[in-house]
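You will see chain A twice below: alongside chain B first, and alongside chain C after that.
Presenting the complex of A and B:
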C-alpha cells in the first residue's frame, strides 16, 4: 500500500487480508466460451497462416491491396476482386514497449506490440503483431522486419502461427 | 472473380474461452451482514430512525434520506413470502422434472431472494410464513448460501 493511497477515503484491502480470511467475498468464474464465425475473407486469411503465408485482398477499381483481406472494398463498397499472397516482411509503422502483460502482471522485459506495414500491401496497410529478437531500445519506426513462424506441424490457422517479427539483418 | 466462396480448408469458426474471474467484496454493511450470518446464524438489518425503515440486507446509508445508518437490528429468521416463482429450467438450460421454488421473503422492510424447500410447490402461496434453514457452523463461508433455503414454519 503506497503512502498516498493510505490517505484516501475508503477501506484499503490487501491480498493478505483475503488470505487471512479477514474480508468476506465471493469469487466467480464466468463461463465466457464463444464461437466466432470467421467469415469468407478472414477464414481464408487464417487458412493461409496455417500454410505459412500472409494473404491480402485486392480491389482493382481502387487499386488497393489490404491485409487482412475483406470481401467488400471499404472505399468503393464493391466486392473485392482477388486474394493476393503477400510477403512476410514489412516495415514498423508504430510500436509500443509494454511492461504490463494482458492480465496486468508487471514484467521486466517489455513486450513490443507493433503495427507492421506488410510488403505488397498498399502503403499504410498492415497488421498488429509483436516484435522479438530485438533490443527494445533499438526498435525504430521504419525498421525492416520479417515474420518468425511456428513449425508447420504446430500451426493451427491463427495469427499466433507467427511467433513475432524480428529485424531483417541488412547485408 | 469476387470473394464469395468460403475456403473449405479454412477454420469455419474460432472457438475460445475468455478467462474472466471476479472477486466481489460486500462493502462495510455487507461485510457485517454476512459475518453475522456466518458466525451467529442471525439476519441483521440497519434501521433509519428518520424514515423509520429497516433495510435488509443491511445498508450503510438510507436510500431515502441518505443518512448514515448505525443502528443494527436483528430481524429474525422468519418472514412472509412476498412473491415466488417455480423454475422448471436449470441455470445450464436443462429441464427439471420437479420445479425449484424461488421466493422473495419479507424481512424488516426489505427481504431476501432465496430458495424454498421442504414444501410441495403446488402449495406455495403469497403470505406463507417461512423460516431460514442455515448450514452447520463449520460449513458456513459468509455467503447467501450459508442459508440453505427457507421452509414453511412448522
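Presenting the complex of A and C:
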C-alpha cells in the first residue's frame, strides 16, 4: 500500500460542487416522531424532579447508590432494592465550555455542560447537566454546585425542571 | 476448544476524502475489489462476507448493511453486518475471524465502509440519538460534549496539559503525509497550530478532532491451509478481544477506559502475551480525538496511567521510536470514516508486518502489532493482535 494516490479510487467533491449544481443530487428530509413512555425507574425519577428533588437507586449487594435510578443493578444483575432521595447539591466531576451547537453553528457565550457528582450518590456517580450563573473562566473540576429549579408550577417532570447548577457560595 | 488459525491475506482501501463522488455502494466495491486483487482471489473463492458500517442515520438508508451488500460481494452468500459504533472497524475483523476460526468458512471477506457526507447540515447531528432520550436529550447535547468532558477529566486527573495532548495530533498528521489515502496529512504542522485552532468545546479545539470522511477498506481472511497456498507472507490474527461497559456513562470513571483494558487482556491472553510493552512492536489505537490515543494506550496497558504523554514526549511513539503508535497517521491524519477508519488500522498492521508500508514503513521488521477501536456511548473496546 505505497502506490501514489492518483491510482486510488475515491473522487473528492466539495460543497461548492453541490451549490453550483455541478453534481446531480437529490435532497430529502425525514420525519421521525416518537413518544417515549418513561418506564418504572425513570418515571419515579421524573416524578421526583416535579416535586423538586433528585432520586437515586440503591443496590445493597454492591453497596452503591446510583443516579438516575434503575430497576436492575448492571453490576450484580439483581433488582435495585430501594429508591433514595438525594441532595440537589454536588461536585463538578468534569465540564466543557462549548462554543458550537448540535448542528455546528458557532455561539459566542459558551454552554457549560458538566458531569455533576450528586451528594448522597456513590463516588463518581453523577448526571449530565449544565452550569449557569458562573463566569466560564471560573469553572473548576471539584467546584461545589447546587441545582437551580424552575418554579413548582412550571415543572413538568423533566430533567429540564432543573434549569442548571450554579456554584455554592462559600460560607 | 479447537480453533483454526486465521490469516489476513489481502487488503484494499479507497482514498479517504471529505466528500466522495462515489456512492456508499461504489466505495464499498472499490475497496473489496482491490482487496481481492491484492491476493489474486476472485469472488468465487469467497465463502462468506462480514460488513461493518456505522449508523443507518448517516446514509438515511434503513438496513444499510443490506443496501451495501452487493458492493461487498455478498450476493447469495452468508452475510452479516455488525455495528458497535466507533468500535465497528476493529470488531468486524473479529467477526470475520470467528467465521473462519470456527471451521465454518475457509475464506471470508471483511469490509467496512462509511459515507458521512450525505447527512445535512453536519454528520455530528446523526449521533444525537445516542444520548438518553428522557434524561439527557432534553438538555440539547451535542456529540462533542462527551469527548470534551472525558478529555477534561483525563487532563485534570493526571495533570496533563493541552500541549501534551496536541503532540498526538501533530505526530499523526505528520505520519499521514506519507499515506496515499490520507485526507489531512501535513508534514509541517506544529503544536502551536493545534493550540491556536478554533475552540469548539474546550478543551477540544478543531485540530484535536478527526474530520468527517467518506471511504472504505476491505480485507481477505483465510484459514491456514488456504492462506499458505495464497501467500508467502500471511499475517496471522493471534488475539482478539472486546468488552462493553455500561451506558450509564455518568456513573463511571471517565479518566480510565476499563472496558479497553478488559478487551486487551482477553486479546493478550489469547495471543499468549505476558509482557505487552515488550511484545507489541506497533500500535494502532483509536484516535478520533488526540487525547484518545493516550487514554487508549493506558487502557491497553502499554503505558502507566497518566504516563502516555511521557512516552510521546520521549519519542517512543514516533514512527522511528521503540513502540510506533499510529504510523499510518491514524484517524487524525488519514481521516475518520467511522467503521472504515478502524479497519484501516488493521490494514496498516497487515502492510507494516509484511514490510509493504512504503514511506510509512516502521524500521526493524516488526513482528507483532495491535489495533484497537472504541465507540458506542464511550463504552466499547475492540482489540485485534496480529503477527507474522
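We take it that the second predicted complex is superposed on the first by the 141 of 171 C-alpha atoms of A that agree within 3 Å, B and C clash if a C-alpha of one lies under 4 Å from a C-alpha of the other, contacts with A are read in each partner's own complex, and residues count from 1 in each chain.
In the analysis below, a residue touches a chain if its C-beta (ideal position, glycine included) is under 8 Å from a C-beta of that chain, and two chains touch if they have at least 3 such contacts.
Keep in mind that what you see is a predicted model, and the values were worked out from it rather than measured.
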item	value
Chain A residues touched by each partner, larger count belonging to chain B or chain C	C
First, second, both or neither for A:26, with chain B first and chain C second	first
Which superposed partner A:11 touches (first chain B, second chain C, both, neither)	both
Partner chain in contact with A:41 - chain B first, chain C second, else both or neither	first
Partner chain in contact with A:129 - chain B first, chain C second, else both or neither	second
Touching partner for A:104 - first (chain B), second (chain C), both, neither	second
Chain B versus chain C as contact partner of A:67, first or second or both or neither	second
Partner chain(s) touched by A:57 [first = chain B, second = chain C, both, neither]	first
Contacts of A:115 with chain B and chain C, given as first, second, both or neither	second
Chain B/chain C common contact set on chain A	11, 13, 23, 27-28, 30, 34, 36, 38, 46, 103, 158
Complex interface listing, chain A residues touching chain B	11, 13, 18, 23-30, 32-38, 40-41, 43-44, 46-47, 57, 69, 71, 79-83, 103, 157-158
Parts of chain C lying in touch with chain A, wherever the complex brings them together	11, 13-22, 27, 30-31, 34, 60, 120-122, 124-125, 128, 131, 133-136, 138-142, 144-145, 148-150, 152-153, 156, 180-181, 198-204, 214-215, 246, 248, 250-254, 347, 351, 356-360
Interfacial residue positions of chain A with respect to chain C in the complex	1-5, 8-15, 23, 27-28, 30, 34, 36, 38, 42, 45-46, 66-68, 70, 74, 93-104, 110, 113-115, 124-130, 141, 158-160
In the complex, chain B residues that touch chain A	1-7, 9-26, 28, 30-31, 34-35, 38, 141-143
